[in-house]
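Chain lettering (A, B, C and D) follows the sequence in which the chains are written, and residue indices restart at 1 in each chain.
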Amino acid sequence: MEAALYAGLDFFAGYPITPSSEILELLAQRLPISGGKFLQMEDEIASLCACIGASLTGCKVMTATSGPGFSLMQEALGYAIMAEIPCVIVNVQRGGPSTGLPTHGLQGDVNQARWGTHGDHAIITMTASSHQDVFDVTVEAFNLAETYRTPVVLLFDEVVAHMREKLTLPAPGEVPLVERLKTSVKEGVDYHPYLPREDGRLPMSDFGGPHRYNVTGLVHDMWGFPSTDPKMVYELLRHLVDKIENRAGRLARYKSYFLRDAEDILISYGSSARSARHVVEERRLRGERIGLLELQTLWPFPGKLVREKCENARSVVVVEMNMGQVMASVKQAVDRPDSVFLANRIDGVFITPQDIMNILRIIQGRGV
Amino acid sequence: MEAALYAGLDFFAGYPITPSSEILELLAQRLPISGGKFLQMEDEIASLCACIGASLTGCKVMTATSGPGFSLMQEALGYAIMAEIPCVIVNVQRGGPSTGLPTHGLQGDVNQARWGTHGDHAIITMTASSHQDVFDVTVEAFNLAETYRTPVVLLFDEVVAHMREKLTLPAPGEVPLVERLKTSVKEGVDYHPYLPREDGRLPMSDFGGPHRYNVTGLVHDMWGFPSTDPKMVYELLRHLVDKIENRAGRLARYKSYFLRDAEDILISYGSSARSARHVVEERRLRGERIGLLELQTLWPFPGKLVREKCENARSVVVVEMNMGQVMASVKQAVDRPDSVFLANRIDGVFITPQDIMNILRIIQGRGV
Amino acid sequence: MEAALYAGLDFFAGYPITPSSEILELLAQRLPISGGKFLQMEDEIASLCACIGASLTGCKVMTATSGPGFSLMQEALGYAIMAEIPCVIVNVQRGGPSTGLPTHGLQGDVNQARWGTHGDHAIITMTASSHQDVFDVTVEAFNLAETYRTPVVLLFDEVVAHMREKLTLPAPGEVPLVERLKTSVKEGVDYHPYLPREDGRLPMSDFGGPHRYNVTGLVHDMWGFPSTDPKMVYELLRHLVDKIENRAGRLARYKSYFLRDAEDILISYGSSARSARHVVEERRLRGERIGLLELQTLWPFPGKLVREKCENARSVVVVEMNMGQVMASVKQAVDRPDSVFLANRIDGVFITPQDIMNILRIIQGRGV
Amino acid sequence: MEAALYAGLDFFAGYPITPSSEILELLAQRLPISGGKFLQMEDEIASLCACIGASLTGCKVMTATSGPGFSLMQEALGYAIMAEIPCVIVNVQRGGPSTGLPTHGLQGDVNQARWGTHGDHAIITMTASSHQDVFDVTVEAFNLAETYRTPVVLLFDEVVAHMREKLTLPAPGEVPLVERLKTSVKEGVDYHPYLPREDGRLPMSDFGGPHRYNVTGLVHDMWGFPSTDPKMVYELLRHLVDKIENRAGRLARYKSYFLRDAEDILISYGSSARSARHVVEERRLRGERIGLLELQTLWPFPGKLVREKCENARSVVVVEMNMGQVMASVKQAVDRPDSVFLANRIDGVFITPQDIMNILRIIQGRGV
C-alpha cells in the first residue's frame, strides 16, 4: 500500500487471505525496491511475531490479514501491547464468524479489535471510507504506533479494499512522519526500556544494538524484568490503558457533514459511511436537517465527541454492517440512549442509500 | 474436575498453563479410569481443535487453559461457533494482557470471552464463586453446550481455582444431564446437519457413523455446504446469535442476597463475589439496606434481570477485579447509569471486604 | 504578619503553640517598632481576655493559636460575641482532637469555629490558600471585625502557614481600611453602647474615655445592663445572629476557576484548594469540564452562592482535610445532596492532586 | 442525682453555676455517704481534669455545669476523647451565648456538644424530658461511657432541672450496670492501653496499679506513645469516630407517640418535648393524625431513625428552644427537607403547647 511505504514501512510479514491478499502481492513487489523486507510466513501467528521481532530491531512494521487470521494473532497482539512494540495490523474484514464469507464484506470485527486479546488493555483502531482516507489513516497509524509504542489496528472492509478510486499522493515530507524515539543513553550505561522520560514517552534501543535489556509479556519493572509487586502491576496496567484511553479526544479522527443544525444525525464509518454520506447529501437537497458524523478512529471510542455532536439531535442513527457494535458504544456515550437507532445489513450485501432511507422512514414513524 | 466427570465428560485435550494445570493433572488420572480419553496436546490451538473433532464423533468434550491459551484458541472457537459444535472451554483467568501475572488472579477476560473471535456471534459464559457453584455451573455448561450446540466458556479465577473448600457431590442422577440429541434419520436417508426440527433444535449424527455430511466454518446451508446467498447469510447469522441472545433470561443463572429492600446493591461474580457477600452480611448486621446480586451467567449478559433488580436502588456498585468490564454492561442495562460505580482492584491482589468498604465510603460521599 | 500590621494592628496577646508560634515571634519584633503592644500571656484564655480588654480601649487586636488553644478560648469567645467586641483570632489548625498532631496540618476545626462556644450565636470565619490571599483576608478580617463589632476567626492551616511563597504588599492606603466607629455623643451626655444608629451600626466609646457604661456577657439592654425581658432577649439574640447570617451573601469571599461550563465542580479552601486547583487546571488541558469554587469565607456559610454555582453540576466534590465538615454544609446548600462527594485525607499527610484524582476516578465510577 | 449514685458514681468534681448548682449540693451530701469522693474545684477546667484523673484510677466519674462552664471544658473534653477516658458531663443549659440568661432555660448548646472541641471527633449526647427519663438516661450515660471509653454529655435544660415530679427508683440490680472492663494482663507483662480485644473493646488498667503505661492527648500507638505515622493517624481518628458514629442506630434512644399513621410529625427533646406531647395528645382527641418523635439521643444524631419515621409524613415540625439546631440535622436526614419546619422560642420563655399550635396553624396554611 502506498501509504505504508510513504510512512516509512521497513518490514512486512504476512500470510495471504482473502480479501487482504492484494496488499501482500503489492508489497512483495514494491517493498524490496524501496529497501524494505517482505516475508511470506507459514501462518498469521508467525507473521505478527516476525513483525514484533523486526520492530524491536528498529523497523517500522506491518502485517495484513482478514478475520480468521486476526483471531489467530490475538495472543501475539497481547504480547505487543504488554511489551509496547510499535506495529500496524491491517484487518480487511470479511463476513464472520470463522471462515464465514471470504468474498463479501461485513464490519463485524469492531469489538474484537478492542477485546480480542485477554486481560485489561487498550488499543488504537482506525478505519476509512475512501482510498484517500485509507492513505491518510495508514500514515497516521504508523505515526501513532511509534508515538505511543503500541499496536494500531486498521480495520478496513472488503468494499473499500476492492474498489477503484482516485488517490492523490502527497509529496514526500508533506505529511509529517513520526520516527522511532531512540534512547540517548550511551553504550555501557544502563538503558531502562520501561523508564518513562519526563514527557511520558519511552525511548527505545534497537535490539542487537549497544544495550542489553529484557522484553517480556509478563508484568515487568522498568528494566523489563518480571515483577508481581502490586504497585508495579497497578502502575503498568494503568499506564498501558491510560496512555491510550486518556487521549481519546486527541486521537479522535473524524469527518463531519452538515452537523451544525442537524436534527437527525447518522453516525457511520468505513464503506457504510459512503452510503450514509450519499443519503445526507440527497436529503439536504430536500431541506431535511440531517447530518453525518463519520468516525475514523473507532478505538479509543470517541465518546465525548459523539456526546457533544449529538447533544441537540432528535435521533441518532448508526449505519454499520454488523449487529450494532458501534451502536452499543454510541448508546453508552449519549445522554438519551433511547434516541439511538441502528440501520444495518448483515447478509453480506453492501448497505445502500436506499436501505438507509427505508430504515429512516421507519424510525421517523413513516412506516415501510 | 468432578463436575465434568459427573456431567459425562468423555474427552479432554489440553496443554498445561498456570493456573489451570491442576485440571489437566487431575483429569489425566481420573478420566481414563472412567473410560474417557485424555490427550496432552502440543499447544492450545491443537487442544481445542482436538476437542472439536472428538465432539463431532459424539463425545462430551472439554479443554482448560488460561488467558494466553484462550487468546490462541480464538480462531478455533469461531469455528466451533459457526459449525455449532458442543464443547466446554475452561479459562482460569490470570492477570493479563499477554503472559501477565501467571500466579495472581484477575478477572480481565470477561469481554474477551464475548468478543475474542471475529464477526458477529454469541456465546455462553458462566462463572462461580465457590467449589459447590463451580460444580453446578460446570454440569450446567455441559448441558447447555449440548442443548444449544454451542461452545460454553467457564471463566473461573485463580482464587476460586486454588482455594480449598467443602464440596458435596450429588448422587448420580440427582442433577439432570442433557445428552447429545441424535438424529432419528435412518442410514441411507439424507441427513441435514443444519436443518432445524420443529422445536428449533438441530439433531447431530456422529462423524464416522452412518451419515455423510459437510462441516465448515464458512457460511453454509442446511446441508453444511458453503453459500453466499444473502437470505442464507442473514438467517444463519441471526440463528447463531438469537439462539443464545434471545434466551438471555432463561440462561441467567444468579444468586441474590438481601435484594428485596436494598437501597445499595453490589453486583459481583467469581471470587470477588465472596468479598462482596461478606460486606453485605456484615453491613446488614448494622442495619444498612445493602444487597448482592451474584451473576453466574456473564454472557449472554442478563440485562433485564439487572435492570429489574436495580430498579429501586440508590446506588449500584459492581465489584470486580478488572477495569470495569461487567460494570460497562451494567451501565447499559440500568435506567440511571450515573448511579453505577466500580469497586475494583487491578494490582493482582485479591479484593477484600475492606477494599470494598473503603470504596463504598467514597461513593457514599463519606470520604476516606 | 504583614497584613495585620497593614490593617492597623495595635495590640497582640498570645501564648506560643505549634504551628502558630511564628506569628508571635514575628510580631514580638515588629509590633513594638510600629508603636503597638505585644504581650506574651500565661495561657490562651488570658490571651483572648487581654485582647478583649484592649479592644475596649480602642485598639485593633489579634491573638493567634492552634486547636487546643482555640478550645480554651471558647468561653471568652462567647463573651466577645455577646458584648460585641471587635477582635481577630487566628487558628493555625493542626491535627486534632486534643494535642493531636502538633506538626501536621488538618482542617478539622471548621465546625468548632462555628459552634465551639455555647448558645445560639453567629461568627465570621475566613481562610486562604496562598500568602497573598492570607494577606487579603487578614486585612478584611480586621475590617469586618470593626464593621460588625464581632470576633472574626482566621482558620489557616499548617501547610499554608509554613510554606514560602511570593507576597506582594499593597502600598499604604491602597486597600481600604475600616476604622473603629466612635460615638459622636459628647462627654457628659448619656452614651448607650448597645443603641444602634439608623444604619444598624453600634458606635463605640473607648473604655477609660469620657463615657461610663457597662459591658457584660449577660443578656443586656441598650445601656449594657442585664435584662431577662423576653422581648429584649429575643431582639438581642436575633441581632447577634442576623447581623452576620443575613449578610452571608455580602460576606462571601471566594475565588472561582472554570466554573462557567463545569460539569464537575470541586469545592475547597485553605491549602487543600491548592491541590484542587492543580487538578482542575490539569484536567482542563485534557478537555474535561471541571471547575473549582474556592471558599475564603467559611462562616456564615455561603449556601446561596454554593447552590447557584452548583446548579448545573453533575457532581460536586468537596476537597478538605477532615471527615467532611464543609461537605455537610454543601450537602445542605445544594438541591441534590446525593451528587455531593468527599475527597479527603485525615492521616496528617497533605492531600495531593493525585489523591484527588484517585478519588475522582472512583466517584466517576471508573474504579481504582 | 439519684441516677448517678445508682449507676455507681465514685467521684464528682465541680464548680457551682446556675442552673446546675443543685446537683453539686445534693452530691456533696450524698456521695460521701455512699463512699464516693466529692471535690469542689476552683473552676470548670480543673473540675473536668480532676474527673479525668480519677477515671484513670478506676472511678466512675461525673461533673456538672452550665453553658459557660461547658465552654471552658472544651479543651479537657478533647483530651478525654483522644485518651478515651470514660466520664459523664452534665450541662444544664441556660440561655447563651456567654453568661447569657442564668435563670432561664434554652436549648442552645446542642451543636456545641457535638463540635465544641477542635478536630474531627465523635461524642455521645443524651437528654430527657421527665425526671424518670433523666434517671434512665443518666444510668445509661454511665454505661455507655464505660462501654465505649468515651465522655458522654447529658444535655438537660433548666425547666427539667428545676421542676418537681414523681420519680420511681428501680431496685438495685434491676437496671443492668456496665462496669469498667479491666485488663486480664498480669503484673510484669506488657499492658497495651490502646490494643483492642477481638470484640473491639479496650480493657483498662487502673493508674497506680501494676502496669505502667502512657496516656496522652497526642495521636498515639497501642502503647499510648505519640506517633505521626499516617496509617496510625488514620486508624486512630477513624476508631475514635467510628466507635460512636457507626453505632448511631444502636445508641438511638427515643420515645414515639402516635407515629404509626401520623401525617404530621413533631420531633422534640428535653423540656420542649413536654409541650409537644401535650399538643399531640390533645389534637389526637380531635382526630388529627399527628405524632411525636421524642429524641433522647442527640449525638450521634439518629438520622436513619428520623428518616424512617418521617418517610410518610406530610410535614415534620421540630420543636426546640433555639434557632433550629436539631432542625438542621433533621433536614439533612429526611428525603424532603422542604417539608421540615421549626416551632421554637428563643426569648427565654418556655415554649407552650399553645405556641406550638400557633406555629402549626401557620405551617398548615391556616395563618395566625
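Just so it is clear, contacts are C-beta pairs under 8 Å (C-beta built on N, C-alpha and C of every residue); 3 or more make two chains touch, one makes a residue touch a chain.
Quick caveat, the model's predicted, so the values are computed rather than measured.
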When the centre of a chain is set as the mean of its C-alpha atoms, what distance in Å lies between chain A and chain C?
56
So the centre of each chain is just the mean of its C-alpha atoms; given that, what is the distance between chain A and chain B in Å?
29
Would you give the residues of chain C that are in contact with at least 2 other chains, written as numbers and ranges?
323, 331, 346, 368
When you draw the chains as points and link the ones that touch, which shape shows up: line, ring, star, complete, or other?
other
If I apply the definition of touch given earlier, which pairs of chains qualify?
A-B, A-C, B-C, B-D, C-D
Residue numbers on chain B that touch chain A, as the complex places them:
45, 67-68, 70-72, 74-75, 77-79, 81-83, 91, 93, 95-104, 106, 108-109, 111-112, 114-121, 216-219, 228, 230-231, 233-234, 237-238, 240-241, 322-323, 325, 328, 331-332, 337, 346-349
So, in the complex, the side of chain D touching chain B is made of residues 234, 246, 249, 304
Where on chain B is chain D touching in the complex?
286-287, 368
Per the touch rule, the chain B residues reaching chain C in their complex are 314, 323-324, 327, 331, 338, 340-346, 359, 362-363, 365-368
